[in-house]
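Down below are the structures I want you to see.
Across the two complexes that follow, chain A remains constant while its partner is chain B and subsequently chain C.
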Partner chain A sequence: MEQSGTGALLQGAVQDLSSDVASALRGGGHAPVTGGPEDGITVAAVRVLGADLLLPHLLARTPPPPDTLDTLRQTVSAFPPRTDAAPTVVWSHWAMRRTLRHFEQPPDSTPAAEEGPEPDGAWLDGASWQYLTHQLAVLAPLAVPGADCAVARAARSRPVDVARGFVRAVRRRDWQQAAGAGRWLTLLDGVPDTLGLDGGLDFVELMGGSDPRVALQVAAARAMRRAGALV
Partner chain B sequence: MPSTDKTVAELTEIQSVDIEAALDPAEPDGVYRDSRECAALALTSGTTSLLLSPPTPRPKKG
Partner chain C sequence: MTDTRLLHTVGVRALDWLWAHRDGFRLEPDVDPEVGFLERFKPVGELALICGVLFREGVAGSQQAELARRLVDHTWRDTLDGGRALVRGQRIEPLSPIPFEVYRPYRELGYSEPEVERATALYHRLTSWSALELHPTRRLGLSAFERRYGLTPRPPEADIVGNTWLGRTPEPWTVGGHIAYDITHAVFHLTDWGERPEGLPPRIADYLATWLPVWIDDWLDLERWDLLGELLVVDACLPRPTLDERAWQAFAAAQQPDGAMPAVRTMPEGEPEEVFDLVYHPTLVAAFASVLATSRALSEMAHVTS
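Right, the complex of A and B next:
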């Protein structure tokens, strides 16, 4: 698909950030987010990456560097979802606010950091397993241990459908969707053993891991699987 | 509006479009390499149903 100039720049910035986060999840350290509020592309890339910017710190229970936290705070303020925004846009913004709130000290320090009321999750009610898996993969930053929300509840209530969607994504060679679905599956109870999730994640990494966004999701799934976490 | 400001405004608008597209992506077309998947696709596709139709009858010799 042909991209605009800013689209290509944005995609590159997202890939760079994803690569940093994936490296941190594998234990390779976490490079600080370069640029500041004046660096529009970086802030835009953080908007696309979303709450995953701080995932290594969330899983390791370590405080993020203040400048990284500032960048996420700036991103939340700079890109509020429109009133007619798609559910994934609204939910990804809410996920950033929830993550900010998690790291804010004290938790209710600033209005900008408050996660606000949970968005409507009704768009997933009765969704086909294919659509459910696609939407969950897009919202993979919501797949974190111990964090409840309507999207997580939708995933939790349909583990077999998500497993089926994971297999479909692999067969379609949609590595990003497969990696996102795999990350959700590591957090769900009731996933069929016959799925072979560990082997599936290995395969997704082998085939699609050159894309840093895929590598990030696989690294996240492995980190959470090691921790034995459930939603 | 100064030209620089206009350019920045345009870039911001383009960027917002790009961000929305990244956060609400359509599912890409699958790349199937499996014959069973291909057959399933052909069955559900009206335009390719001809591929699954029986071979054209040929006149019998003699």
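Right, the complex of A and C next:
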């Protein structure tokens, strides 16, 4: 009972945070993202969102409120990946550290939290297009303009495969995967025109947008498309 | 790439089943003409078409080719009453393209019925025939059949392609079961049932090469064998077929020991005639896919070794 109660609380917190971030992205990144009380649930929810907590600020180039930054900092230190963690867990953690560093680094500020060396990207070498897309969608927070890493390079080298994965996810009504893949596609060159990505993102939002996590990814894709930036 | 023996075996077994169940190809001579005497022609015409592909590709073993020959002969003589049933069909519903569509593959295999030809020549002259409000993919097929038969296609195929779903290369994530069948049939018609892969305009061939793997993956996981089989035919019609190993292995595994291919998931149950009506099509498709894929695999080997 207690566990499922906590699970529901966490799920609610993730949804609330996702809604906040999505609405900030739609508003051009000016609305503050609420940090909420620094309890375990919030920190755990931020872990699920990962680096996307600060995405509106990253895209709009605005400084995040200190308490939001602090929540991300707490999350990073509360959940260090175990040595046997899955690559997506390791990379997600790395993405949070990279984002923290981005905001902590400015010219006149003090010590940067080191994001550490880039994790190994070899697990995506030779991956089937189905698996590649699934993993990329889980790591959607890495899909940000102008940020290079092994995962982004893997995505960039296989635009047709990611597009196939998007189609597969839509066909299977896996809206979250579709939205994450769609977000990557907005950053890639060489996506086949026949994919119809704009309509596809609208369709994903129409069908799955009531889930705030889907709405967040669609909003991110649109915000990056507006920015017209490439990885 | 899939083992050629596996590709080939699917077709051998499918043909065994079709021969053993040849009585399932039957018309209903006593049906009320208003209900549709022509309804049961479709399986017969499809059988002749697929057997024609089998003879053309020349990759069947002698036993398989002999069974196909006997099947065509049986359905012409018994089911179609030596072509008289087609004449009757044309009299019941003069402007229906169905008797012509069934007749065309038999004629290519050397059968003839002069009365069907007289009527066809007349109908083809009529504006009404070319004005029939057919689904664009069906219209494309009818024009292709006219060309093959030696008639001027009206309208010309080039004028119809752009009206088909595939001809407009739309968003691939909108494809569902019905659209998928429109795609496969457009490819059959554009390539003359796999005879001329070059009949696919490059734009459409590129589109299919990009998105077909997704559709194959999808309908494979849904275990929709009838549609999967047609998609495997489409693959074999492309400039560079993938002969997808995972799909072919699952397709072969879905086939029953007696050669029947279920349409969806597992074999249906019921009276023999009901089961035939549900299973003949996927089994024919299995034979078709097998012949084309085997032929393409052998050509690939020839390229590699030469």
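The criterion applied here is as follows: the second predicted complex is superposed on the first by the 209 of 231 C-alpha atoms of A that agree within 3 Å, B and C clash if a C-alpha of one lies under 4 Å from a C-alpha of the other, contacts with A are read in each partner's own complex, and residues count from 1 in each chain.
Going forward, a residue touches a chain if its C-beta (ideal position, glycine included) is under 8 Å from a C-beta of that chain, and two chains touch if they have at least 3 such contacts.
Fair warning: this is a prediction, and the values are worked out from it, not measured in the lab.
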item	value
Touching partner for A:Leu59 - first (chain B), second (chain C), both, neither	neither
Which superposed partner A:Phe203 touches (first chain B, second chain C, both, neither)	second
First (chain B), second (chain C), both or neither touched by A:Thr194	second
Comparison of chain B and chain C by chain A residues contacted	B
Which superposed partner A:Cys149 touches (first chain B, second chain C, both, neither)	neither
Touching partner for A:Ala95 - first (chain B), second (chain C), both, neither	neither
Contacts of A:Val160 with chain B and chain C, given as first, second, both or neither	second
First, second, both or neither for A:Arg172, with chain B first and chain C second	both
Shared chain A contacts, counted only where both chain B and chain C touch the same residue	130, 171-172
Touching residues (chain side chain B, partner chain A) in the complex	11-12, 14-25, 27-28, 30-34, 37
Chain C-touching residues of chain A, taken from the complex the two chains share	129-130, 160, 163-164, 166-168, 170-172, 192, 194-196, 199-200, 203
Complex contact set, residues of chain A against chain B	3-7, 10-11, 14, 40-41, 44, 47-48, 50, 79, 85-86, 88-89, 92, 130, 134, 138, 171-174, 177
Residues of chain C that touch chain A when the two form their complex	169-173, 175, 207, 210-211, 213-214, 217-218
